[in-house]
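The data blocks that follow each hold one structure.
Each of the two complexes below includes chain A, the first together with chain B, the second together with chain C.
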Partner chain A sequence: MNASSSPDLETRLLTLAAARFGKPVASLAPGDDVFEKLGIDSIQAMEMLTEIETTFGVEVPDYELQGVTTFAGIAELVRRRLG
Partner chain B sequence: MDAAPETRPAAPRDARAYAMLDASRYTSVGEMLRDALVQFKTHVAFTELDRRRVTQRLSYLDVKRAVERLARRLEDAGIGAGDRVAIVMTNQARWPIAAMAAFFRGAVVVPIDYKLTPKEREALLAHAKPRALVTEYPLFAPHAAGALEAVSLVLVSEAPPNARLGHAQRWGALDGADEPAGSDAPPTFVPRAREDVATIVYSSGTGGQPKGCMLPHRAYLAQYAALTALFPLVAGDRYFSILPTNHAIDFMCGFLGPLCGGAMVVHQRTLRPEFLTATMKSERVTHMAVVPLLLTAFERAIREKLDALPGWQRAAVEALMQVNERLTERRPNRLVSRTLLRPIHEAFGGELRVLFCGGAFVEQERAELFYRLGLPVAIGYGLTEASTVATVNDLRPFRGDSVGRAVDGVSLRIVDADASGVGEVQLHGPTLMLGYLDDPEQTRAAFTEDGWLRTGDLGHLDASHHLHLVGRSKNMIVTRGGKNVYPEDIEGAFGGVACEELAVFAEGYLWQTRGELVGERLVVVARLKSGATEAERLRFTEALHAANQRLADYKRAHALLLTDEAFPRTASMKIKRGPLAEDLRARYAQADMLWLGEPVEAVR
Partner chain C sequence: MTAPFVGETLSYAHVGTTLEVTLHRSVPGASCNEIGEQTLRELEALVAYLAAGAGGARALLFASSVPRGFCAGADLRALYEGMVARRGAGAPPVGEVRAFLDRIHAVFDALDTTPLTTVAALHGVVFGGGFELALTCDVLVADKTARFCFPELRLGLVPGFGGIPRLARDVGNAVVRDLLFTGRSLNAQRAQQIGLVSQLVAPGEAVHVARKVAEQAARFDAATSAAAKAFAKPLPSEWLNREKDTFCALFASPVVEAALHKFVTSTDARPYLP
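This part shows the complex of A and B:
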């Protein structure tokens, strides 16, 4: 995994989240709190994660999600699985 | 003291209840479970899935062998009558297997919430002082080296081959294939009396003083008999265990209840709604318990389904819902509902008999919608101090406006009722705890002089003895995810926000309403310096908001009330919460609060 691929992964994540919850992609940043920014509850967040898993072809176990609240945090989990 | 008459209505008994073990014949939970494993040996006890893959099916006989193997290890480590065995695990078959092995040895099971942080778990372990801890590698790994050294036997499942376990030992394959050779002798069963402690369950785990409820065997035996008389779980039933097993509800409904009747328990390693409904379908789930938050998610899924239908079809479903409602007025009729509302039922697997939903504040409209769709939601109410369930709706007929009637073995009274009949709910009977572990002071405060449990909840009984909760006399909330939160415990988080004084309240404690229940939410009450400018107020609100966002989701406050009166305080400068709440109630309305954000919470 090279360094240049990481921002790309984050952009794809933000695009997916923006499309799913009808937000302009420019309004989202990697450091944002997912729940607050999208105005969603934890169940909606988990539903989004399933879409992320399908898109990237990875499986992230639920216990790894504990304490993860930002887009960058989710990207890191996905990256670890891809790597 | 002004007490309303006690209620103990006769529970309607379901014929299927006779297929289950008779709890009155046993003196301990361990004894009853030991018999169940023999009696139902050919049935499937546990099915585990990881997403769509079935990863394990265990018969009662498989479980019996795994329990005895583990009990042997506990015995070899010298664990016996009255010793404590803590369990920190996600929902999987190993959880009940570990508990059954501990009960086999006459030990006390200490369920610890796996969602707590490693530090919080360590604090509870330090309080409970268990001799053994059974856990799984993903939960074990984050503990600092040496943090669990005080526990002499630590068993870790699912550890990778090269994992560093320190003094902990591996709990390998359930069939014992990869375990170190030990003594081959069968373990010795250790009998217990009904009054002996069966479990120590923590009713508040985060911050503040840990409250470990010591529950005796008789509490579980009484509760098992009462609940299964209303909702039998027998061979052929499939219970989907998604609430944490460490929580009182799943411990009863997802462990003792199904196993003592020969039913099957389904575990799913992920809790994404998509996989939950897929599992309900593939395993043809008949029973499950949920938190109100999950009902919300299910409702969203149903509404999306309905909205996607063409107009005429939606109108047809509406009409069918009305027909279904009329046909099931007195009691649920699964066949009628399934036939009429097939597409909706199929989304939930098509076999669901009942959804249990605990928590005082299930929205009535939501429960009614589910019932109209032919998916009965049995709303109940309970607290760890009283085992599991104090009241529940028996669905004969369905009621969405009440938390139900007292179950068999639970006496309920309303004390110090006001003119409208509202007073504190107090409980009595065999399901009550013996007290809090090592805490005579809190134990004394929890009971009245004549031995009734003070719940801290305010309510009234209607003519049919159904309980209606209207608020709290204790300053606490139970979140939609089922966690107890004591507002005092989180005031410290706002310490850095500049103001004259600040207090956190449960909204239901500040304002007790009826009909429309106040949500289970936290309110920050703050006083700024007199003559604060608009800019200063804005700065304060922003700082408070920022501090709020840094809290764990379920600890966040959802509203702010600004006041300009100084808080009443004791000589030692503690806030007098009762008088302050009374004063605020008199001077402000709920509408005076500023909204900080929607409640957000993780389910598990």
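This part shows the complex of A and C:
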């Protein structure tokens, strides 16, 4: 893990998710389960994935999300794609 | 605006020189215009209207009024329930599926080859059969929320509504293999980069921009436009027929029933993820 970039990415990701689903950003933490915390279904997850890809300018293949449950995990996937 | 047809799953109306088709299937258990028997019947009515002259329309526009997207594909719940019912009656399931595929291929081929210029206005989910419906159109306009996917291999199947031959024709087989073999979805920006989407627009603007495309296409001589389309967009007939054969051969596998059962009984919030 790139210790210098992931915390910033996590913060931006939490802000993005909070804004999209109307949650106070302070209520979200990097280790939270994304689906449980946001209360979203699979199509809403796709919507968030599109926003993540557009915001960060990366592609995150769906299959890489398999088993990734937390905001921190998604941030790490994005970090790998940013290079 | 005149509305020659208002159905349970879709409606169509004349807006200037364009015939606008709006998908609006919203029933319990159907979240985004899933294509089943009723949708097919109403698409068949649309194709009959086109064959009768389309009320003088020069262009055809497809859009969805369902917020979640254009279309999430085939009605898998109905497919599974039909499979179980036929098995309970001692009937082989493939025959009825083949008949359904023959009908939907006839409809999609008619949409693909209609002399009218066809434009898809896309947003949100454009998955499976919904992606395949969009691929019958000449020009795809997508807003930034659109996402494209062929999830069929997760069910032990290949796409069955003609999507593979059409995507290969329009974009290329490397893209087909990427999407088909991984089941991954593409965002609209990437879809534009590979040439699938002609115009990428802000969220909620796809219909507006698609109308402009349709109006522009209608300015040219109708016979010339029809000749240009017949020349530039050949139907990959042989490949389409092989697709139906492949789908039906796979459909007989117990893998499919198990996958469909898992899909319709799942309470997991993530059934669309691989």
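Keep this in mind: the second predicted complex is superposed on the first by the 81 of 83 C-alpha atoms of A that agree within 3 Å, B and C clash if a C-alpha of one lies under 4 Å from a C-alpha of the other, contacts with A are read in each partner's own complex, and residues count from 1 in each chain.
Heads up, the rule we're going with is that a residue touches a chain if its C-beta (ideal position, glycine included) is under 8 Å from a C-beta of that chain, and two chains touch if they have at least 3 such contacts.
Keep in mind that what you see is a predicted model, and the values were worked out from it rather than measured.
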_Please determine, from the superposition on chain A, whether chain B and chain C clash or fit._
clash
*Who does A:G22 touch here: chain B (first), chain C (second), both, or neither?*
neither
*Which partner does A:S42 contact after superposing on A: first (chain B), second (chain C), both, neither?*
both
*asked:* Contact-wise, after the overlay, does A:G83 reach chain B, chain C, both or neither (first, second, both, neither)?
replied: neither
_Contacts for A:E59 in the overlay, against chain B (first) and chain C (second): which applies, first, second, both or neither?_
both
*Looking at the overlay, what does A:D33 touch: chain B (first), chain C (second), both, or neither?*
first
*asked:* Counting contacts the way the document defines them, which residues of chain A are shared by the two interfaces, the one with chain B and the one with chain C?
replied: 35, 40-43, 46-47, 49-50, 59, 61-63, 66
*asked:* Taking the touch rule as given, give the residues of chain B at its contact with chain A in the complex, in rising order.
replied: 51, 90, 115, 138-139, 269-275, 293-294, 296-297, 549, 553, 597-598, 600-604
*Which positions of chain A touch chain C when the two form their complex?*
35, 40-43, 45-47, 49-50, 53-54, 59, 61-63, 65-66
*Inside the complex, what are the residues of chain C that reach chain A?*
31-32, 68-69, 72, 124-125, 144-145, 147, 149, 182-185, 187-190, 269-274
*asked:* Quick check on the complex: what are the chain A residues that touch chain B?
replied: 33, 35-36, 39-44, 46-47, 49-50, 59, 61-63, 66
